[in-house]
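Dropping the structures in below, format is structure tokens.
One chain, subunit A, appears in both complexes that follow, with subunit B as partner in the first and subunit C in the second.
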Partner chain A sequence: MFKYILKRLLQSLLTLFIIATVVFFLMRLMPEEGYFGEKYDKMEPAQIEAELRAMGLRDPLPVQLFRYYGQLLKGDLGKSITVQPKKAIVNIIEKRAPYSIRFGLISVGISLCVGIPMGTVMALFKKRLPDKLGNMYIIFIHAVPAAVYYLFIQLYASGLFNLPILYNNRDPSSMWLPIISMSLGGTATYAMWTRRYVVDQMNKDYVKFARAKGVSERRITFGHMLRNALVPMAQNLPASILLTISGSIYIESLYSVPGMGNLLLSAISKQDNPLVQALVLIYSSLGIFGLLLGDLLMVICDPRIKLEREKENR
Partner chain B sequence: MEEKEVILSVKDLNVIFDLRGQTLTAVRGISLDVYRGESLAIVGESGSGKSVFTKSFMGMLDKNGRVSGGEILYKGQDLAKFTTQKEWREIRGKEIAMVFQDPMTSLNPLKTVGKQICEAVMLHQGLRGREAKEKTIEYLSDVGITMPKLRYNQYPHEFSGGMRQRAVIATAMACNPEILICDEPTTALDVTIQAQIIELLRDMQKKYRLTIIYITHDLGVVAKVADRVAVMYAGDIVEVGTAYEVFYNARHPYTWALLSSLPQLGVKGEKLYSIEGTPPNLFMEIRGDAFAPRNPYALKIDYELRPPYFEVSPTHRVRSWLLDDRAPKVEPPATIRRMLERWKEVEAHE
Partner chain C sequence: MKKKIERLEGSIDERIREIGGEGELFSPAPYDPTQAEMGGYSNYSYWRSTLKSFRRNYMAMFCLFLLALLLLFTMIQPLLPGQHGPTEINWLENGRTDSNHAPDGTFIFGTNSIGQDLWARVWSGTRTSLLIGLCVAACNAVIGILVGALWGYVRSLDRFLTEVYNVIHNIPRNIILILVSYLARPGVGTIIFAMCITGWLPMARFIRNQIVTIRDLEYNLASRCLGTPTGRIITRNLLPYLVSVITLRISLAIPQAIGSEVFLTYIGLGLPVTIPSLGNLINEGRAVMMAPASRYQLIFPAIILSVITISFYVIGNAFADSADPKNHV
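Moving on to the complex of A and B:
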């Protein structure tokens, strides 16, 4: 087990290294005016050259690359240029991340608590009314562009329930709409997968055998089917949770939540190259970490998965 | 024969399935008594309704299937009238347990074997905690699983096929049933293991005074375990009698055909017998004798009227017009006669 985790960690680090490198080169392909923002138009070419040199951007590429690696190793993500000029990116993210994490955790919690029971009920009432209603919901959420119902919720639900249209720090009730909007998609996805996997289990022989030995339907559902159905979901769960807590770009900008998603949006629109670079790195490491966690969770849940080839002892 | 107590009595049972608007009659008016402590084998080809027939004793028919007529009398209750899961839970496991064909899929892959047997122990014997675990380990060693304490904590994938079937049987035993239905218990196993499992079932039968109903198409298994044999064709029992009567004095042409299709040890060069034609379409109403179109001995009346049971002996009854006094005398086919001679020879040697 330990050997396997170590191996997977090293693999993840390698992937991260490759991503960091690719991101670095992509950023060098961006036009240079991005490093100056609006004042670029008013600057003399000599002035531009001087500032670029001062930022180290005129050094040979390998030198820049290794300097960048060195900074990453020290945990230094560089300094913001246009979004919050001269401010260390680590500090910016430190301020923003808690918003995204709080919103994300609550909405993932809602998605799981609603989605999994919903999927189970749908499976148990397969092809009957609850299943049909659930499917309508899932298809609606997946087929209609999220922007449509996000806007709808923001415009109408705020009036209907007398809730604030935008997020503000002092009013906790302003968290409701963004959180509910965020959890709609997750709920649909979790319900869909739970239904699918529970239906898969329902026709298995072991379920019939459990019934034949006199086990109650409730115990079969919760003790046998649901547990087994959640195993294939275990693999994707951590990744999707981590991605949700890292912030929804669209919802954060819609409700002006000062989180990471909103930060990425303004970093891109203001061409804040180092900030974009840092955020892309963070998002991809969360993704990689999520996959790693998913694989480990799978191993814990399913005894049939062996990590390494053990010596045959039978 | 000593007096026999009827434990399960089926009277004129009909089972139908709704399939895409059509009605399939899987069991057509079967009457059969099962005696306490006996081994009854139900044989017949695939689709003859033998599984469906026994599943109806446990309320385990698929959702689109139901008993449409008749009675299943067990301990003074008519199981055919049961509708709720709650009623069935009083029967399932506790009274009638079942062993399925494929041990590879009968166990939950994500629970330890011990836990799964323990589930039955706790449910039906009212034991808890340590006691339940000890009892489970007892069952494991009972069914011939070595190192039961270690095996208790293992998962099904760590068991071989034969071992899993043993675990399945242990689970059924842990329910403490009166009747055990074994649905093709050895079909999915390789031949050397088959014999062991059959032996184990016989041991269990003796130890727990079980009534066992075997469902199989393997006549070899039948010969080895069965006290009585019921031959099913197209949802009906066409011949039933003691194993000796059905093997040595078969009277129904379908039973002859079944016996003829047994491969004979030491007979080479002869083509293996197979029954011409296909079983009838159970979506349609069957007129006369269901086997008539495939029966080389069919009489005119076979196409008109369903034959009643004719009693050959008090234990042996056959649904065929051939046994009517007015029917022409028909001898069993040559293959059967030769087979019987060979069996008698073998017996004389033993």
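Moving on to the complex of A and C:
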């Protein structure tokens, strides 16, 4: 167990290191005006050269690379250039992240609370009306791009329920629409997987045995089938919770929530190279650690998995 | 084959005559399926069963019909008489642009805020988006199948490819899309490239898993022991199990690519405004959606887009179900 955790941890660190390096080299490909902002057009080529030199961007690549590693180890992500000039990126993120986390956590909670019961009901009423309705919902949400149905929710639901169209700090009811829109996709995914796993479990011998033994249907469903069905879903849970920090790019800009997704958008539209670099790094490390925690959670939930993994690796 | 049999029959007849038998000793029996089944011969054909069970799914057949109609129409629409150009600006007699013209006889879907015909733009946009979707799906299929097959068969590559998969898979998809579009110049090529970088991963992974599980199953081992040529093992034993996965991934890649294009356009990294695409149209519609009178500019492209993506999704799922040999009787 301990050995497995250590191995996975080292693997994640290695992945993170590779990603940091790749991001560094990608940033060298970025347009140079991204280091100056609006004044770039008025500057002389010699002046640009001098400033780039001052920022250390004309040093040999290995020197730059190691300086970059050093800064990362100290937790220094650099300074923003155009979005909030001269401000440390860490401080900007500190202010933005809580909004994204708040929206994200509530919507993950809603998705879980609605999606899992929905999937269970669909499995129990397989090929009957609830299953068909649920399937229609899942197909719709998965097939139509989120960018399209979000727009229609904003357009019609705001008028229908008399809710504000944009988010503002003082009005808690303005949180409803963004949160509900965000949870629709998650609900569909959780419902789909729950249904699939519960249907898988239904014909297993242990279920038949429990039924023969006279265990009540309710205990079979909730105590036996659902418990086993939820194990594979535990793997994705930490990643989806961690990634709430990064926020939903689309929702945040539609409802003008001052979160991380919106920050990435403004960083891109204002070509703020260091900020884009920092955000890409943060997002990918969140993804990596989410996956790591998911794997560990799986092992804790279901001890059989560890043995299978070890067999596979041999 | 048939010739061979005839020649064989002929030689047998000759031989019989040589022996001196009178008339015909043997008469060929007509093919009778029920008799054949008693002898243990099965008339099973993979593709026939697949088609049969696909045809039974009415929803999917309806979507296929709808999609075929739509595809045909996008192809012939520019050839029809009396069409406006998708980027041509229409002027009123008083010298102003005919903008936000509500749908009527001349402009079936109305005009947009700078007076371009929405009908022509929607179909032209559909062509662009479908082109992107099909290219991405084709690239994903080719790269995914090649890498997946190597990954599954060549055991020494397994470790390396798994690591590569982990690295790319760990970064959120949207981030890679955004990063590539940020670095490169906007255009159809850039968008296709950006989507292909990550798109082949799920395909490769599924193919690899299938191959690893099927490769060493008893029936394949038996085939190999009996001396079945590799080509036949691949086409008869492995491929039927992969067809389902491959078609599913391809048909899901198309709606996903169309959706990603809408997303990229929204955040300002998509196609330039001069190339109409469904993403561009929806973005234009979004800009004017708050005025109820011009909402049609958002609704028409959104409906066409939803019909396309839902059809691909439904057809893909239905075909994958019916192509899975496990579901064949």
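By our rule, the second predicted complex is superposed on the first by the 304 of 314 C-alpha atoms of A that agree within 3 Å, B and C clash if a C-alpha of one lies under 4 Å from a C-alpha of the other, contacts with A are read in each partner's own complex, and residues count from 1 in each chain.
Everything below uses one rule, namely that contacts are C-beta pairs under 8 Å (C-beta built on N, C-alpha and C of every residue); 3 or more make two chains touch, one makes a residue touch a chain.
Note that the structure is predicted; figures quoted are calculated from it, not measured.
**Student:** Determine, for the superposed arrangement built on subunit A, whether subunit B and subunit C clash or fit.
**Tutor:** On the superposed model, which is not a single observed complex, subunit B and subunit C fit side by side.
**Student:** Per the contact definition in the header, classify A:S284: touching subunit B only (first), subunit C only (second), both, or neither.
**Tutor:** Touch status of A:S284: second partner only.
**Student:** With the two structures laid over each other on chain A, which partner does A:R170 touch: subunit B (first), subunit C (second), both, or neither?
**Tutor:** Neither partner.
**Student:** Which of the two partners, first being subunit B and second being subunit C, lies in contact with A:K42: first, second, both, or neither?
**Tutor:** neither
**Student:** By the touch definition at the top of the document, which applies to A:G214: first (subunit B), second (subunit C), both, or neither?
**Tutor:** Only subunit B is touched by A:G214; subunit C is not.
**Student:** First (subunit B), second (subunit C), both or neither: which does A:I139 touch?
**Tutor:** second
**Student:** Once the two complexes are overlaid, how big is the angle at subunit A between subunit B and subunit C (Cα centres, nearest 10°)?
**Tutor:** In the superposed model, the angle at subunit A is 70 degrees.
**Student:** What's your read, subunit B or subunit C touching more residues of subunit A?
**Tutor:** Touching more of subunit A: C.
**Student:** Once chain A of both complexes is superposed, is A:K127 in touch with subunit B (first), subunit C (second), both, or neither?
**Tutor:** neither
**Student:** Based on the superposed arrangement, let me know which partner A:D302 touches: subunit B (first), subunit C (second), both, or neither?
**Tutor:** first
**Student:** In the superposed model, how near does subunit B get to subunit C, counting Cα atoms only, in Å?
**Tutor:** Comparing every C-alpha of subunit B with every C-alpha of subunit C, the smallest gap is 9 Å.
**Student:** Check subunit A for residues that touch subunit B in one structure and subunit C in the other, and list them.
**Tutor:** Looking at subunit A, the two contact sets are disjoint.
**Student:** Show which residues of subunit B lie in contact with subunit A when the two form their complex.
**Tutor:** Where subunit B meets subunit A, its residues are 58, 60, 85, 89, 91-94, 97-98, 100, 102, 105-111, 119-120, 123-124, 155, 157-158, 160, 168, 171-172, 174-175.
**Student:** So in the complex, which bits of subunit A are touching subunit B?
**Tutor:** The touching residues are 204-206, 208-217, 224, 227-228, 231, 301-304, 314.
**Student:** Applying the document's contact rule, which stretches of subunit A touch subunit C when the two form their complex?
**Tutor:** Touch residues, subunit A against subunit C: 11, 15, 18-19, 26, 29-30, 139-140, 142-148, 151-152, 155, 243, 246, 249-250, 253, 264-265, 268-269, 276, 280, 283-284, 287-288, 291.
**Student:** Note which residues of subunit C are touching subunit A in the complex, please.
**Tutor:** Interface residues on the subunit C side: 166-167, 170-172, 174-175, 178-179, 182-183, 255, 258-260, 262-263, 266-269, 279, 282, 286, 289, 295, 298, 302, 305-306, 309-310, 312-314, 317.
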